[in-house]
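Naming follows writing order (A, B, C and D), and every chain is counted from residue 1.
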């Protein structure tokens, strides 16, 4: 079956999720990936949305972080202060998801402003939960489609921290969590270099070349010694994902 | 009708309660006084027990602060951390009740130790909620039967603060709450002297003399310029109180 | 003490020009009807506080009521930008908008501290990020036991909190259920409050012993506004009008279409007419 | 991740000599059965933590298991003293007992901070009182915004939390209802936990959207012990045995009557026999 860049990005992300994970899920691709995993190989996965829903099992994807569907299917729903205190800061989350308008080669993200903070060219939505998701979750997956204005050599603003200025930055701030362990894009998979913590390509999606990757990236892309080939989405993965998206689209049109 | 010293103490306390009060209720005499008020002249009074029950209306008095009866009849029940953070510290309580093993003339209380703290002669239960009830409630009523070992010139330990060393002590600590506004005993009513904050007698119960009061008090008792006579318990007050106590006794024997 | 009144009286009596107001709601129970009444009354120079300012705050800003916004994420969830907010920040239209920006964790803690009558909150956050460089209200304390340095945020203590809830009983107690967000904290942290409700009942009846209830003595005004959270939702009453949120993007993108929509649907409309859309699925936006 | 096991296995695997343990319960849901198993297994040199140590802690102390107690109110509620605790503090019998004493507000905040993974809690307390003079763990921080000095307490992070709850489902999620005290916080603050439950159900079924539930991935061991809170109570299952609490005063007053009672009812009894009294009203104590 043929598939879109967004579909393979979502499916690749879903494959890394384990049934034992406790995930702090954001809207959009993370939500799609998590629910795809739940509906395929990770039925026991625990999904938590920052609106307070613990252990939710939505039948359609939420448009927003607090859709009623999330609450209806949750084990229980807690207040937002409790969510951020007991559950996120409490160190209960094994895996957080982040995306952003802009990223650098260490997985730092900007979702705050383009241009000067006081006089921005583009005012973005802001950090929301991201700064503390980045520091409190056991590890972080980032899902972003590549383009050279998003994958930047230097960010105008750091909204959430990845590996900072490289290896050792997180430890220097007293963080014992792993930070971004995977950056999943529409073209390839990045993982931190064990020596430098720079995000380097460890697998390339079918039909993608190194030139195509570099063309969409504002920093000089580095590659692992052994770069894998991403297995193409299976028919089952695509069918489950498309079914989920179709149900979602129908529900949101109401 | 004749009545016991405990009965008049409870009834006098209940008379000062207003239907608009939000009371933080302790076990024993405060609980009896509050529920008597609720069943007579203050039907709208809000009773809160530190176990988390908000707006409770027990049919029998609780033996402990967390009896099921309190929860069954409450508007809702919150966690204990929430009780102390949002409700007590939050400044929501207009009236708190305290009692203690020992009291001084400024309404400071000891419920911690008799003797040296490290090597006590008698180890008392400790402060529980008292230190913050004393500082966070709008005002405090103290209910205690008089005896010279309890009404002391100097306390071995201050568990909860009344008027400290006298007028101005509370303000010096940044407190804007009133502290003890009434000390209700089995013999008389004390209220703070407006000039000194010392607890002075403002009303004497029927049949009690100044000599009887001084005999039960370890400090030299002072009197207001005009000392009132406490109206004797009415038949209705006694009937409602005794009915409540009888129901309670029957329930606790189970 | 909770007083039942009309929406216009509640907003007139409880909110004044220049005050700070938190209209909270985390996707669920956003107090649109009350916010629209604030717009109709043309309040000025407000400081608006909310973790997730969405369309309602876009409208307040676009109508020129707002001097400052305290927030942690400002967007149209799942759709995109708040165009009126961006126009104010990027172009100063219709007037300059000051921002005080925090993270969700900071805001949630700040409301909690406000409800707890504390002057500030302590949390573990803002590690390795730039926001503390541009927000002087992000500070720190040192743990007196471990020496760890932790982030702090001032408690949020709004002049007025405005929320929408599911039910009030006739005594004025208010019940929330489902995604409860920070609404209880916002009311407890505020000096006064307005609560719109879907329904007024004689008694809440059988319920969880631990139901989320605000007692009547914590509330200022209660107003009966069925549909008052539309196009957000009220659990068990009506669903979120996702199509409205999607459609808003085109309305708010241009100043003219925005102004025309506000005139027709808010300024020259009654609270009931817009809220009524909650019960007539699909014909909105 | 919650594992169903026997009471003896749970205590053996999760609690070791010298550890700190919080057996919480605020009148409701006090984990007597589990505490008695701790006594049967003769754990030593424990630090026991609880806001309101009552008869169960009197028993642990009287049986010589305890080195230190962290607490805020130690008595037999509505009845009087804990005689075994007093004997330990006043006379060093059966061994010296160290006390770390706080107020309820401090303890409640300390559990909350533990659950929130903070090293300490800030609150407004201890004004004008003597406890800070005798407890060096009562300290202060200064608000970085207002300059106000506030009290602090170290977070409580027990090695083990032991609680009794109403129900677990077959996946190991645990539901509490009614007077929930600080039990959720105690479990979240602890490194491991044992939860005894009245009932194991296939599914919790219809319930409040905001029910107090501890997910299975926050819990160590789950043990099915009907009556496990007796002589305390389990809301909807059995009432508090107030007569037992009243009768305990005479049992615990003398060392000999205490020892005999413990031998007959705990040491030489099974968990089920004592817990079973919950369902046979009145024949206890």
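Here is the rule we go by: a contact is a pair of C-beta atoms (placed from the backbone, for glycine too) under 8 Å apart; a residue touches a chain by one contact, two chains touch by 3 or more.
All figures in this text were calculated on a predicted structure; none of them were measured in a lab.
With steps allowed only between chains in touch, the distance from chain A over to chain B comes to 2.
Across B-C and A-C, the chain pair carrying more C-beta contacts is A-C. Computed from the mean C-alpha positions, the centre of chain A lies at a distance of 41 Å from the centre of chain D. Taking the mean of the C-alpha atoms as each chain's centre, chain A and chain C sit 28 Å apart. Across the assembly, chain D contributes residues 112, 116-118, 123-124, 148, 178, 180, 185, 209-212, 235 that each touch 2 or more other chains. Contacts with at least two other chains are made by residues 71, 77, 85, 89 of chain A. In summary, the structure contains touching chain pairs A-C, A-D, B-C, B-D, C-D. Interface of chain B with chain D (complex): residues 27-28, 50-53, 62-68, 70-71, 77, 79-81, 83-85, 88-89, 108, 112, 117-118, 120-132, 134-136, 157-161, 164, 169-170, 173-175, 251-254. Contact residues of chain D toward chain C in the complex are 116-120, 122-124, 137, 139-146, 148, 150, 152, 154, 177-178, 180, 207-212, 235.
Listed in rising order, the residues of chain B touching chain C in the complex are 20, 22, 46, 54-55, 71-72, 74-78, 85-86, 89-92. Residues 1, 112, 115-118, 173, 185, 188, 209-213, 215, 217-218 of chain D are the ones touching chain A in the complex. Only residues 26-28, 51-52, 71-75, 77-79, 81-82, 85-86, 89-90, 101, 103-105, 108-109, 111-112, 123-131, 134, 148, 178-182, 184-185, 212, 233, 235, 239-243, 245-246, 281-282 of chain C touch chain A when the two sit together in their complex.
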